[in-house]
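Input: one structure, supplied below.
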Amino acid sequence: MLMTAKDYMESLRKLKLNLYLLGEKVDIWVDNPIIRPSINAIAMTYKLAHEPENEALATRDSILTGKKVNKFNALFSSTDDLVTKIKLQKILGQRTACCFQRCVGMDGINAVFSTTYEIDRKHRTEYHHRFREWLKYVQENDLCIAGAMTDVKGHRGVTPSQQADPDMFVHVVERRSDGIIVRGAKAHLTGAANSHEMLIMPTLRMREGDEDYSLSCAIPTDAEGVTLIYGRQSCDTRKLEEGDIDVGNYNFGGQEALVILDDVFVPWEKVFMCGEVDFSIMLVERFAAYHRQSYGGCKPGIGDVLIGATASMADYNGVRRAPHIREKLGEMIHLAETIYACGLACSYEGWQTMAGNYQPNTLLANVCKHNVTRFPFEITRLAEDIAGGLLVTTPSEKDFRHPVIGKYIDKYLKGVPEVPTEARYRMLTLIHAMSFGLVAPSYRTESMHGAGSPQAQKIMIERETDMEYKQKLARSIAGIDERENVLA
Amino acid sequence: MLMTAKDYMESLRKLKLNLYLLGEKVDIWVDNPIIRPSINAIAMTYKLAHEPENEALATRDSILTGKKVNKFNALFSSTDDLVTKIKLQKILGQRTACCFQRCVGMDGINAVFSTTYEIDRKHRTEYHHRFREWLKYVQENDLCIAGAMTDVKGHRGVTPSQQADPDMFVHVVERRSDGIIVRGAKAHLTGAANSHEMLIMPTLRMREGDEDYSLSCAIPTDAEGVTLIYGRQSCDTRKLEEGDIDVGNYNFGGQEALVILDDVFVPWEKVFMCGEVDFSIMLVERFAAYHRQSYGGCKPGIGDVLIGATASMADYNGVRRAPHIREKLGEMIHLAETIYACGLACSYEGWQTMAGNYQPNTLLANVCKHNVTRFPFEITRLAEDIAGGLLVTTPSEKDFRHPVIGKYIDKYLKGVPEVPTEARYRMLTLIHAMSFGLVAPSYRTESMHGAGSPQAQKIMIERETDMEYKQKLARSIAGIDERENVLA
Amino acid sequence: MLMTAKDYMESLRKLKLNLYLLGEKVDIWVDNPIIRPSINAIAMTYKLAHEPENEALATRDSILTGKKVNKFNALFSSTDDLVTKIKLQKILGQRTACCFQRCVGMDGINAVFSTTYEIDRKHRTEYHHRFREWLKYVQENDLCIAGAMTDVKGHRGVTPSQQADPDMFVHVVERRSDGIIVRGAKAHLTGAANSHEMLIMPTLRMREGDEDYSLSCAIPTDAEGVTLIYGRQSCDTRKLEEGDIDVGNYNFGGQEALVILDDVFVPWEKVFMCGEVDFSIMLVERFAAYHRQSYGGCKPGIGDVLIGATASMADYNGVRRAPHIREKLGEMIHLAETIYACGLACSYEGWQTMAGNYQPNTLLANVCKHNVTRFPFEITRLAEDIAGGLLVTTPSEKDFRHPVIGKYIDKYLKGVPEVPTEARYRMLTLIHAMSFGLVAPSYRTESMHGAGSPQAQKIMIERETDMEYKQKLARSIAGIDERENVLA
Amino acid sequence: MLMTAKDYMESLRKLKLNLYLLGEKVDIWVDNPIIRPSINAIAMTYKLAHEPENEALATRDSILTGKKVNKFNALFSSTDDLVTKIKLQKILGQRTACCFQRCVGMDGINAVFSTTYEIDRKHRTEYHHRFREWLKYVQENDLCIAGAMTDVKGHRGVTPSQQADPDMFVHVVERRSDGIIVRGAKAHLTGAANSHEMLIMPTLRMREGDEDYSLSCAIPTDAEGVTLIYGRQSCDTRKLEEGDIDVGNYNFGGQEALVILDDVFVPWEKVFMCGEVDFSIMLVERFAAYHRQSYGGCKPGIGDVLIGATASMADYNGVRRAPHIREKLGEMIHLAETIYACGLACSYEGWQTMAGNYQPNTLLANVCKHNVTRFPFEITRLAEDIAGGLLVTTPSEKDFRHPVIGKYIDKYLKGVPEVPTEARYRMLTLIHAMSFGLVAPSYRTESMHGAGSPQAQKIMIERETDMEYKQKLARSIAGIDERENVLA
């Protein structure tokens, strides 16, 4: 059953979240103006599954059940599946101009699927079977799953079990016959308060002694012991104000929460890894590869909106054809498309896991993400260049609507005569939202830290490279090893 | 008489500003929590003049009166004066971590001083004398002057007099025996609502037909017909909330306003240019050179705070000595100091105008500012890299103070054990303020657009270069012209 | 019939080229030490076709004849064909560390194939048929074809027919019943003196009046009236010296020639475009897309050799594990793989022409090449960083072999004790060859100018972008157009 | 006595160098066509001292003797002296378009001067007195001194005394009553074969056990036991060919040699440090600061020639006013001037040593040089962009002069009609010389490695920064430490 966007929202109302926002417990959170845009963004993933022109990208027949499921809950069963993932993400980025929050779950599902298969092969466990059953349930109910990986980590130079406070990484504090008790916290969990369940995964390579921390399991977002604390966002309270201009992106937004797991019970059938320190890194890296690929889809899509907005500002200012403006817009496109090219390439060059689903090419997925830690910043810089200083000095919408001074603003903030001041206003606040405001973290911080910070990719790029082969090539050309005889 | 910071604030209370903020007229604006930090920032320029260790930088004996005056109201009478300007600005940037708003006035004063001298020489006018008188008054009362240059500009491809609406550039609408009537608006006027008077200057090269737009004069900020509309700032209303953490930079901030001049009367003794289209560009370029120099002082100072905050986050996370962290911190310092070097160089290489005051080297001042349109963005990107994703996902201070969930936050957002969570919190919100929030425009947008957008500098760099000489060098080396005989 | 590398060389000996090198006519050019490495490089394209492990990449069944032909003479009949092209080019770059010169022909063949089809459809001409016949002949004889596009161009601001000298672009000077007479010159024609025939193509958009310049045809490299003047290369005469170290890349090299066409007769059956000004730009752009794609294959391959050589120097100096070295090597890999990703992406996203063969995605092919105009320069800079200053100060091989001073060099230029000085020597000269010497143009200048200079790509990127769509997205998000109702 | 350029050349003829070049001992080396351009470049430093318009920059009254001496042999006795050094270097870079090789000596003289003073103060030695005497001799005879710092270094991860071969760093092998015996080699010693004496300095921080390696002394270049092996340069043998075009920079060039010290005797009066391991790093760092400053002078000067040549090529191609060309030329100027600004800033901000001479600001000198490791590469890339592909494919001058084919070249390589083909030829080969050929190392490799590789500057930048102060600023603004009360 594929939910509509409306169904999805109704389904959220049934959750009994223990959710805090700005120091207060929020009960009717689906309609909370600060939270609602982030729900809208996820809802878009449900909507596209019903759009005839996007259905092929947004849905897939489940390889578990044969039934049509939402792409975000599907297993990638071909490189083509990886490619359509990227194309879907690009459209969603274009339609929301922000993080639509559902990729972590999709990527986590695929990583846990293949990793549990290999754990079971080695350790004769039954995680993979459990996971398939859970996934069928998720697919059939079209649930939204939040991937939960990043621990709060405390002292970054110390392993989980050696931290001064043993709870700095999520871990098992008790093993019972019916399940386990879990404690800890997951930081900046994307889409936490919009999802039905969380898929818990470890955040780094575990070593001997870290057995309690090598944990993967599923937990409903409203399970007992779960507390969600909504992260502050730049300009968040503008959503509480009258009017719709100052917010910039009125409809859509991202969402992150600090999620506290205070002795949460998880039944065994929802436990997918528990103590296998040797597989923690496999799960982390498989997830990371998927998620680094993902940014090759969503960020070019978000970038398209920023490019379009910037070109519009140039139009409204009457300078669109100035050579330096064209040069800068061209550069913005070039950078956004370079990211997209990397997203496509790592997808097309994917490989099949032992469990049967597909992974993107690891090296190229890391290259993709590493570019994402750079180019959106330059694209934003160029947008700020073209938008002009007014970007950060526009009076408020209330001033614009004011009976006395509104007319001054309308008169004096006009650009070319044929465009209403309000259009220019709106375009400025959209760019502001993307560069400073509500959705700036979706395009900037997430590009930097989502799926691992830049250094994490550098390490993988080094590791995935066959340097010995490159050195062999050099030695042969240099004549240190025997040179190739082209006539032989 | 050098005012203290306190005197300055009291002096502001006497102004009868017609000021709007977030759609409401503000009467007691000095104590308005949104506005106050920007007043504090300017107040710092008064404070330093009384600090024994900074007095030498922050004050100067007036070449008009021989009395000690605040540096921001002084004429630069040597290259050393230009250098101390830069060093003073660096300290102020370090102490406020934001725009302290008084440089536009200082730079405008110096530019109008020398330009009026040359206008008078050519046109036998008396602007320079008037200006000296006004400046003496400013110096003696230690007033704060807002430089007012940027017009709202309408269609950027059209000259002032050809705009569909003739008011898109400030202009004279009536010449009377006792003075002139002025109409128009100045956009994002830095420090407008913290200053006693505005020094109006034209914003671009005027041509025949633009006579009414070639205008420079002084107008009290509370003159009749003046309306100030405060620009919205990212996260501005956080200042209205309880607590002092979420704001990031609680004490200091920038300020810009849209200033409407609705038929304002200016007596002739405050008019410094009126119709001399041939001198408009000189005034613009002299001001631009000063102001492009200025950024070689303030931005390295602000950068120092961001670098210090970023290093602190690395400390708090326990990763300060990691090679990639050191590399990135080193890069941040390198970029900030490159800007500072350019600021110093253009100052030391200054030149004396006909009027006797000093200008920075035009080419190098433009080079300085052009680097400013790039490096703070990269410095900020690196700060966001090292700060981590928590930068945009920390719960609010209210959550942190909350009786139920506060303890979770305190426990889980701790970094290394020896640093209190609150310190980490505060450092994160400071970086947030500088990269997304209240003072981000001070470090990013102003770096881009203040004193002219990047393209403006590129044009000046091209013009100030003696390309023919460079080509001659090349022709000689290449043997197209006669080669130099080194033995001759 | 697929020639072996040896067959290919023998076939060259039969050509009667009118070839000049360093001011002298060269008769036995196949064995000329300056020219031979470039022949070896092309020979590698013949060799790979016979290697079992590379045959699948290096050959293809002709869609014209069904027979197996060399990939460089094949039509791309699927996106997979475009992808294998990239992968083949990467291997060839790795094996030769230079330009292997045969891609221009391959790309030209495919561009002329589809363009002639469309000319014929519109103008009812018979070019496509002629071209197929010629291509069959080329395939069956496994000829090497030099693509000849770049005209000498004279004054770049003036159209072909308006040049002071009408011969600055290759053109028809006489139309006869049996064929045409052609005059002009093609500049820096890659592989000209290693190829059997040249495929002449126009170099830019023609306009009315340029009919004589809208020309495509095939001309044997040894046809009467053809003169080839070999371009000087950095350090070219090192190949004439004793020893094999100083050259750096002893076996392989690129080749460019200035080709003069002094009233060359071309029979009609080898004329593929003659006067159709409206199709000139189609041919240019189709070729450009192919060739911009190509650089996504060869340059990452060449880059691999440089990366391997650089890592080896770090080994030889004992600093391979130093963090800053690892960071820089990681960056080199990242940049090389970004190019490769772009090469793959534009290939996978190819499209079918009316004639049936496949073009790469135009936008992404341009993005690919545009990155190529940047990244190899940075990769080279990093190689020079790690290699150390000795890169440009090593004594000559003759010094190294000298009975008196050789022992000094052997002693003092040693790095880590376990690596012979000679190995370090050879690695240094290889890097020198790639950064300054014989093959530096293959990695640097060609990356810049081959397939069009950077500005050419910027123009295409702007043109291939659907900016109106991006602006529509922005207007919807901003609420200027109606916002999307996610629940609808 | 200030020698003229001619005197200088004659003085060189008197030296009995044991010099090898391309495997042969060179006796009449002053007239050797490969070596001569590097002599011309140094000769220019003598010439300028006699030019009325440059005398003020190029000479100075000695603070030792009161007599006028060449700037290159002078002590910097004010910040103004440091500034004129930069300005002189810029002119020399402009006049030679290459390394003029005499700065290492000048910088070494100043570093040894102040370091010996401080050694003597601590160790009660008499180095400083000896050094003053030697310097008087150098000044009075107007000798050219080669600074000799870089050891060959062997395994870079191992200290001098721990190397497998103890000679990998220059060291004392015997102490005698009349002097010391020295062994080892100095790598890529700039201007070695053009100088009268070498000033030996250690290359890195010495530690206990490295006493024999903590060595500074003066050695005539033709002392017994000294062997000079000339480094190969890109395209070096072009200087042996007929004609003057292909060389690119016919008159001037750099020079580096591997200098072998095979048990060379040095009398005590020429020994300036011998065993003081605690002062080795002071000497290294003082020299490094001077030499990193130096690049802020010469490289902008060389850059000017490249910029001029590039603009000329744009003229010759008829595209000088194209917006993208102007943008790129503007960028080249911007980068070159940024370096110059850094060179000036660290000079103006210099400080006085205990010995009385002046050092540039250490932090800013390192910032200067670090930019030099980047910007010349980008400037060169842009030059290659604008110059066009012909840069690496021009036929040889011999082809151009050839009776048969010369006319083709003259016809077809013409750009705009009004510029002779030969001028375009010459400009291309000049750019080639600077980007690939003879003087490319002067602008590229030296910029990278001269005065220390980029990582060396990064380390110094980190060390010279007062990070604790920056962190204190951040803590105060963030409210972790007490916030500043602006009204206090």
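By letter and in written order, the chains are A, B, C and D; residue numbering begins at 1 in each of them.
Quick note on the criterion: a contact is a pair of C-beta atoms (placed from the backbone, for glycine too) under 8 Å apart; a residue touches a chain by one contact, two chains touch by 3 or more.
Bear in mind that the values here come from a model prediction, so they are computed numbers and not experimental data.
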Could you tell me which chain lies farthest from subunit B when each chain's centre is the average position of its Cα atoms? C
Interface sides of subunit A and subunit B: same vs different residues, half threshold: same
Between B-D, C-D or A-B, which repeats the contact pattern of A-C in over half of its pairs? B-D
Taking each chain's centre as its mean C-alpha position, how far apart are subunit B and subunit D in Å? 39
Between subunit A and subunit B, what is the gap in Å from one C-alpha centre to the other? 38
Just curious, how far off is subunit C from subunit B if you go by their C-alpha centres, in Å? 51
Please output the residue numbers of subunit B that touch at least 2 other chains, ranges allowed. 324, 327, 458
If you connect every pair of chains that touch, what shape comes out? Choose line, ring, star, complete or other. complete
Once bound in the complex, which stretches of subunit D touch subunit B? 5-6, 9, 40, 43-44, 47, 83, 94-97, 244-245, 248-252, 304-309, 311-312, 315, 326-327, 329-331, 333-334, 337-338, 340-342, 344-346, 348-349, 363-364, 367-368, 370-371, 422-423, 426-427, 429-430, 458-459, 461-462, 465, 467, 469-475, 477-480, 483-484, 486-487
Residues of subunit D touching subunit C in their complex? 20, 22-24, 150, 152, 154-158, 164-165, 167-168, 184-185, 187-188, 227, 229-235, 237-238, 246, 256-258, 260, 262, 317-319, 324, 373-374, 377-378, 381, 384-385, 388-399, 401-402, 405, 408-409, 411-417, 432, 436-437, 440-441, 444-446, 448-450, 453-455, 458
State the interface residues of subunit B toward subunit C in the complex, per the touch definition above. 323-324, 327
